[in-house]
Amino acid sequence: MEITGNEIIHQYLRHNKKFPHVLCPGCGHGIVLGTLIRSVHHLGLPKDDVVIVAGIGCSGRLAVYVDFNTVHTTHGRALTFATGIKMANPKLNVICLMGDGDALSIGGNHMIHAARRNIGITALILNNNIYGMTGGQSSPATPEGAVSMTAPFGQLEKSFDTVQLACGAGANFVARGTVFHVNNLEKLMIKAIERPGFNMLEIITPCHTQFGRKNKYKTSVEMYRWLKANALDRERYEELEESKRGDKFPVGVFVERDEPGLEERYAELKARFSAGRNG
Amino acid sequence: MARRKKNKEIFALGNEAVVEGALIAGCSFYGGYPITPSSEIMEIMAQRLPMSEDGVFIQLEDEIASMGAIVGASMAGRKVMTATSGPGFSLMQENLGYACMTETPLVVVNVMRGGPSTGLPTSPAQSDVQQARWGTHGDHPIIVLSASDVQECLEMTIIAFNMAEKYRTPVILLLDEITAHTREKIRIPQPDEYEVTSRIVPSIPPEWYKPYEETVRGVAPMPPIGSGYRFHVTGLTHDVNGFPTSRPDEVVDLMERMHRKIDQFFYDIQMHDELMIEDAEVVVIAYGSVARSAEYAIEQARSSGVKAGLLKLKTLFPYPRRATEKALANAKSIIVPEMNMGQISREVKRVNSGRASVRTINRVDGQIITPSEILKVIMQG
Amino acid sequence: MKDQAELERFEIRFSGLGGQGIITLGKVMGAGLSLGHGYNVTQTQSYGPEARGGSSRCDLVVSSRRISFPKAENLDLLVALSQEACNAYYPYLKPGGVLIIESDMVAQPPTNQYLGLPFTAMAKDRIGIPQAMNTIVLGALTHLLPFAVPRIMRKNMEEALPEKIRAINVKAFNLGNREAKKHFGDVPQAWADMVVEHRKPEKKRSTQKK
């Protein structure tokens, strides 16, 4: 199902929401939102059945523009609201939009438990390595040595590996993509939405305003070039000797399991009781 | 046989009565995290909800997540609740504020124990009264109820759900450890015996629907997520469409409507019981299990010829000003016994504004205020 | 109910060690007196680390009127199944109140005015399981309490128990009831005005020696 840019605007963006949007020039978040809309369109999901649950931060602001059921929640807690929505009505497609600070720092506990209980939610983590909306402070994904407003002498702490975290916590599907590799991102996102259980997709998206400028990137274009140069298919990355890996990072699918989501297992439990009631 | 059925009685804990009340009121979603002395509520819900028609039970990773999950489930159309105690209630404040801001109906039962912090885990207290009113940041309307015996636990839980749904607001039901952990015979009402209220849903087409529109009652219809009414919900200050705004006129409209929807229904929300108050010269104002001690003390005082009376508060906030003023009419002195350092007595003093003498009895040692303690103060005149 | 005594306020405390079934005893008696006999009853108990640390306590307040204050302060009846519990709670017994002890466990009663039976040994030797001890106490108390009717109490107990352990508990209840009749004699003097008119005699009774 091909869809043109105009059709996307007419079908999926809210007509009564006043633009312009809040995103900076060069931001990758718009690419994520476009990919999300195309993925939903590709899967043919009715707009009424799609729920976008967003946290706080630049990523959280994306929800307001799209014509789905949208819930802009509190900082770090998107997954908790999404858990309630999914358990209350398992027919809904629940997609969480979170940032790196949102999902991994303040919401880190919710992230590991959502993955552990394998609840049928799609978690999109937009990783821009920084707290963008609040002015460029360090997040748990800020690379060691990078400069931020709260690490003016360089970040001392190591950063989280989101993919490893989700794998370890037991998610059904774990993947990473970038906003430079858009076609690949769309394929990953379609999978992350249609599959059962907890599906985590980390999306590397540049923030030139708050991260790039203070580090080594003169323009936002340079950041996209960096993505192009350093994102490697998982297989190719693993073949690479450790000494040659440098800034390179793996993208693709890391875990793909078909275990039933919590809401499906709960439905099975209820079916046992209702069979007892009726028979 | 039919008569016997009509009077189904059980010998139950206050916490069990809460569950019975919730199920009668139509609660079909419980999300929570265990904490003494409220855990029985969660344990019984874990048994009952999976066996019920459409009930959902989920144990969350903490109380922050519990509150998030029930807000989400309420948005998806469920009647929802959670139960906790002081430390958990502190963690819930963040998303409780979100529920106030997004006008999401829900019920929180807080079985109070001694604080601050981990405090006295299994001892009674009434130390979360002001937190229930002002615990989450920002000006917000909220309804806080209390119950003093096991039958009331059942009844006030039903009322809590009804008010939450009717006014689209969080309702906090405050119990104390004594009420929650006392067993008494209670009557389970028949399904048709209680009025059960559900939130109104829009009847207009989705394209006309404005989720935060002004209405006669100040409460807008609320459709469940996924029913064809797609709109935006945010904890940011929002306009009638639910979109974020910082325009002063839109901000003030929202804030005033949110408060007005509660303020104009004080007559419905503010509940109390009176005992021998008409001619009372000494009035005890109490709530929760302390009201039972007070009742005992007042009976004894009357039998020694002292004109004592009881104003038992069932609604704590919005504070029942009118009932207090009535009690103050003849009273020479007011006694406010509480298992805290004086959290309702400050409300009483505010309403009293110097008319009668207000004395307090405060205990924060994890022990109940006994009838004899109250009687002693009554007899002082 | 017509055969109800007019009770102002009657306070009972069960106390002893964790594992003796004190709480269950209180719950079953409370349910029996409220649901079966129609009295108002409040039951409270010790919670938390206190309950796990060895001692256990369970209180009942019984009244034919509405009970305002739910806790026991002034005991009409103290059941002490350990020396420690007896020492701790004897001061709360009101003048004329009745003390019942486990006569093997409470070696040094604080007074001569008490009633005692070796409940634990009775459970072991005559029922075969020590866990039946609390039901023997229930049976004995049902004899002693002037406003309790054995038939009703036993029926309520049976309803509360799972099928598997019903028969053995009925046996224990009857043993306690019988032995109390034999050794405790009639209702204590202080409670004479609380006797229920319709305390029907048991149909079957083993031979009574007095």
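The letters A, B and C name the chains in turn, as written, and every chain counts its residues from 1.
Here, contacts are C-beta pairs under 8 Å (C-beta built on N, C-alpha and C of every residue); 3 or more make two chains touch, one makes a residue touch a chain.
Everything numeric in this text was worked out from a predicted model, so none of it was measured.
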**OP:** Examine which chains touch each other and state the graph shape they make (line, ring, star, complete, other).
**Re:** line
Original post:
Measuring from the mean of all protein Cα atoms shown, which chain centre lies nearest?
Top reply: B
Original post:
Which chain pair shows the largest tally of C-beta contacts?
Top reply: A-B
Subject >> Cα-centroid distance, chain A relative to chain B, in whole angstrom >> reply: 38
**OP:** Could you give the separation in Å between the centres of chain A and chain C, each centre being the mean of its C-alpha atoms?
**Re:** 63
**OP:** Spell out the part of chain C that touches chain B in their complex, as residue ranges.
**Re:** 27, 30-31, 34-35, 40-45, 47-50, 67-71, 73
Original post:
Which positions of chain A touch chain B when the two form their complex?
Top reply: 14, 16-18, 47-49, 51, 53, 63-64, 67-74, 77, 79-89, 91-92, 109-110, 113, 262, 266, 269-270, 273
Original post:
Where on chain B is chain A touching in the complex?
Top reply: 29, 31, 50-51, 56, 58, 60-62, 64-78, 80, 94-95, 98, 224-228, 230-236, 241, 243-244
Original post:
Okay, in this complex, where on chain B does chain C touch?
Top reply: 9-11, 36-37, 121-122, 149, 177-178, 181-185, 289, 292-293, 295-296, 299, 368, 370-372
